[in-house]
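In the two complexes that follow, subunit A is the common piece, with subunit B as its partner first and subunit C second.
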Partner chain A sequence: MRFVLKTKYTQDINLFLHNGQRFWYGLLMAALILAPFFLESFYVGELTYLFIWVIAGAGLMLLIGYTGLVSMGHAAFMAIGAYAHAVLFKLGVPFFPSLLMAALISGFLGAIIGVAALRMTGIYLAVATISFAFIIEKVISAWRPVTGGHRGFIVPEPVMFGVDFGSDIVFYFLCLVIVTAVMLLVINLLRSPIGRAMVAVRDSEISAQAMGVNLVQTKTLAFTLSAAFTGLAGALYSHKIGMLFPENFTILLSIKLLMLVVVGGLGSVHGIVFGAMFISILPQVIAILRDFLPTWLAQRRGLEPLVFGSILLFFLMYEPLGLYGRWVKIRSYFTQFPLYRKATFKRQKSYLRTERVH
Partner chain B sequence: MDFISLGTFVQLLVTGISHGCLYGLVALGFVLIYKATEMVNFAQGDIMMWGAFIAYMLASKLGFSYLPVVVLTIFLMALFGLVLERTIIRPMIGEPPFAVLMLTIGLGFVLRAVAGMIWGHDEKEFDTPYSIDPLVLGQVSLDYEQLVVVGCTILLCLGLYLFLRFTRFGVAMQAASQNQLAAAYVGIPVRRVVTITWCLSTAIAAVAALLVAPLQLIYPGIGFVVGIKAFVAAIVGGFGSLAGALIGGICIGIVEQFVGYTFEGAYGETSVYVLLLLMLFIRPQGLIATLQRKKV
Partner chain C sequence: MSIFAAKEIGVSFGGVRALHDVSFNVEKGEIFSIMGPNGAGKTTVFNLISRFYDLDQGDLFLNDERISNIPPHEVAARGIARTFQNTELFENETVLQNLLTAHHTHRSTSFLSEMFFFPHVRRQELAFREKVEDIIDLLDLQSYRDQRIDALPFGARKIVELGRALSLEPQLLLLDEPSSGLNPEETEDLSFWIEDINEELGVTVIMVEHDMNLLGQVSGRVMALSDGELLTIGTPDEVREHPDVISAYLGD
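Now for the complex of A and B:
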């Protein structure tokens, strides 16, 4: 373990705690910058998808992991972002303003749901967001003149200042820049009073309110930001998949996003990246699995949802802190060796009392 | 909008009420769990779907007649609830509520996928002794299936109300839900209460399944949509209230039928979700409010 002796107040707000972190994150950044020049274009594409999942996951993590509001309809915000961007871009709005507008539109709709969500917790919110997702899906398939309905919507090639953003490498760097910006934004947001307020709301609404946190403002803001990030991810996603269908944004995508934050680790920024890596790799793993399983099982429909559901179950029951939680445990096992105690990470049980009157 | 004839009106109304009762019945299942354990079971619709498949298998594959099918399905589903509670839910007692919520979402996916693997994705029919010609009253023709749904739902609700209000075990369930720790102190076996509540709830799901099976074709996705609508019903009615779940269910059932009729079917389902969002804006506590601000 490394102890940092802080000698200046400014050290408290440093992004990196010590030089070791600076080195490793610098190395990661360098690797990511150099990656497209060495990797095959398939892997560059996969990395781009990973970045998109990270952006969407950052949005959902703010909401579920840090504010404690469960959304089961985040696919809707991704759909809104994707369609808003594609439609605006086709109408002749330049690329970046269109991207920004997509995030804003998505954020605005998120704010509306957020206002409705103010008096809701848990199940109310989950059902409200899932309903919202169904409505959006219906609107997209019914609003044919704009969205193309079930026939699909061809996303135009992004060309800006004579640079073709559609090419793998350029789009990769675009996503890399955006993902870095989003992550920095999220990290800084969580260190700011707003982020602290969100965590306070998650842990106890009543205590937060007693401490002077404005519940209405905090929840609405969390929802707006979350929707905006997810919308931005959707806008980038639209270029990656090239053709938009309402079927791209069903409940299965919402569950995938939910799985991202749960598997990654609720309430950790690292968890976003771990979760995104997990769901990027998962389809490949399932494809490999199909080769090994007996044919009667492998050829069945529904293997994917089965794997999704089982993983969600497994993590919630045995590792509720997700992959990041597991990593922290492994790390502290080695840093504290041989004094590591299992009970350090034992979860506190809380016994419920109802809010109902009868 | 065309003029609706009286016959169509009554028919839509009855169809709406019977569908609504069904939503209400599924909602009863998880409202019961919610009342007793404060957990939210998002997989209730999928549990109902399993009930429908078990009934189908007993009737068409094993050749039982209707009454044994009913009894066996309810019994097997109660057993299913017991297994579910022991393996998945019990380790989650004392965890934050949203963890249980997500757990049951995952459980729903697993149940649906497994059902698809066992029974296939094609649609199956389930007949009952009362699947006979509809009852014709003047312009109105009413299916017996729908009438049975309404009748059974009312009986079951009444029974549940009396059970929770007047029996020792019902009161113990309420106590366990109000404060688990305090209930344990006064000698209520909280764990057993939770287990039995789950059995009861899956048994209710079985009843819902037996009622829904003759009305619709059975396929693995049947539970998901019904489950979501049941949630809408419970929220519209006020979560945690048995009567509210039923009233909410009937409300959305009727709205769905009439909107579906007016806009040629396409928007019937969507109207339910719009209704929910409107409700949450206007009266988030539901028609029959049971929530109040938590005191510290």
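Now for the complex of A and C:
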């Protein structure tokens, strides 16, 4: 077991608590930088997808995990980001400004939804966000002159300064830089007053107000940032899939994102990465499973949503803290071995405040 | 000079008159208590001051400034902090984070500078932390510092909530039944703390309380309410012996 001697308050603010953490995160970064030179291009592509899921997940985690506002329509913001970027880029806006503008447009729409959703919590907010996602999906399929509707929209190859960002390796590094930046922004936010205000709103709105937290501002900001990050992920995603259809952004994608934050672990930054890994690996696992299942089951189209839903339910019931919570338990089992007490993590059953009926 | 004044305040919920025509002044540096049977409207007074309810009649003044229609989060910025009868802490956070949250109104950084964690954000965090540590020392919360609220016993939560209200550095502190759920020993500690807070930090206190011992020990004046009406205001002894108060508690 490691005991850290704290002699300065800055130690509680720093990104890394001790050199061990510095070493392991440094090693992870080095591995990620070297990875594309050693891995086959399929795996480079899969890692790029993983980064995109992490960016989208960071946005949703900020909203659900930290501010306690449940959104079940985040696919809409990915769609807005993807189409905004693709359309702007095709119109001749340079690559990076176009990415940024996609994030801003998505963030702006997020702010509007945020203001509209101010008076809603829990299940009502979930239903409202689902409806929003349906509206966006319909708008995309109907607005054919701009989006191409169901015929699809071809995303142009991203070439800038003579560099082809569409090539696997360059795009991989682009996503790596963006995901690192987004994670740093999120962590910074969480260790400063506005992050604490978000958590305060999640745990007790009444008390947050009594502490001087402006509910309107905090919730709107959470929605805006969440939509902007998810929109940015959508913009990157558009290059990865190459051709945009409204079918890419259905409720199934929203549920996938929801699964990311719940399975990863609500209210934890590590949970974002764990959840993203989980949802990137899951489709592969399902594909492999299909080979072993009896034909009548393997050929069913509903197999994937069924597995998604069951896993989501399983985690909500048996491990509400998600993979990160599980990891913390396993880690403390080994660090305290053989003194680990089974009841260490037993708590009173508690619900999200927003879920309670007042 | 009165730091706080309520003039003929009243509120009804549907047909229920929760508070009617209640007026009182609180002097700077005073410990002012509100007592009364269940449903008398004591907590309603606090919820009106916190702006969780809108006044139907009357006005509230802080330092002669009208605060009857400022938004709820503005109340804290004006220097009014409060606790809740059954504690309303941020349950999934540590004691330290709870106390730090109370510094929200003192922040001078914008969310953009916070996202990039510029040096002045770090300096501000350190300044907040030092002030929080002073409160932790005052209330002997050292051993709870890094514990999550949902792992704390109720008595400790009450003290943490007091600490969180103090971290706001208020000029006026509203305590809603601070001794409920505490054992006699903890109540004793509490009475010393309330006196310390009042004398050393110079905070004016308004307190809703049932415990007559605690009332008698710390408060200068007491206001008795019953069924939303003001019965009397006076020293603890005067109020205790007032015929209206006795009949409100015991019946005629």
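Observations
Just so we're on the same page, the second predicted complex is superposed on the first by the 347 of 358 C-alpha atoms of A that agree within 3 Å, B and C clash if a C-alpha of one lies under 4 Å from a C-alpha of the other, contacts with A are read in each partner's own complex, and residues count from 1 in each chain.
The definition used in the following text is that a residue touches a chain if its C-beta (ideal position, glycine included) is under 8 Å from a C-beta of that chain, and two chains touch if they have at least 3 such contacts.
What you are looking at is a predicted structure, and each value in this text was computed from that prediction instead of being measured.
In the superposed model, A:Thr10 makes contact with subunit C only, not with subunit B.
Shared-chain residue A:Leu303: touches subunit B; no touch with subunit C. Annotation for subunit A, partner touching more residues between subunit B and subunit C: B.
Within the superposed three-chain model, A:Lys138 lies in touch with subunit B and out of touch with subunit C [touch as defined at top].
In the overlay built on the shared chain, the residue A:Leu215 is in contact with subunit C alone; subunit B does not reach it.
After overlaying the two complexes on the shared chain, residue contacts for A:Leu91 are found with neither subunit B nor subunit C.
Using the contact criterion defined above for the overlaid structures, shared-chain residue A:Ile206 touches subunit B and also reaches subunit C. Applying the stated touch rule to the two superposed structures, the overlap between the subunit B and subunit C interfaces on subunit A comprises residues 206-207, 210, 347, 350. Residues of subunit C touching subunit A in their complex: 50, 52, 71-77, 81-82, 84, 88-93, 96-97, 100-105, 107, 109, 111, 114-117, 121-122, 124-126, 129-130, 133, 150-151, 164, 168.
Residues of subunit A that touch subunit B in their complex: 64, 68, 70, 72, 115-116, 119-120, 122-124, 126-128, 130-132, 134-135, 138, 142, 206-207, 210, 255, 258, 262, 297, 300-303, 305-306, 308-313, 316-317, 320, 347, 349-358.
Across the complex, subunit A is touched by residues 35, 37-38, 40, 42, 88, 91-99, 101-103, 105-110, 112-114, 116-117, 121, 177-181, 220, 228, 231-232, 235, 239-240, 266-267, 269-270, 272-274, 276-277, 280-281, 284-285, 290-294, 296 of subunit B. Across the complex, subunit C is touched by residues 9-10, 12-13, 185, 188-189, 191-197, 199-200, 202-204, 206-215, 221, 267, 347-348, 350 of subunit A.
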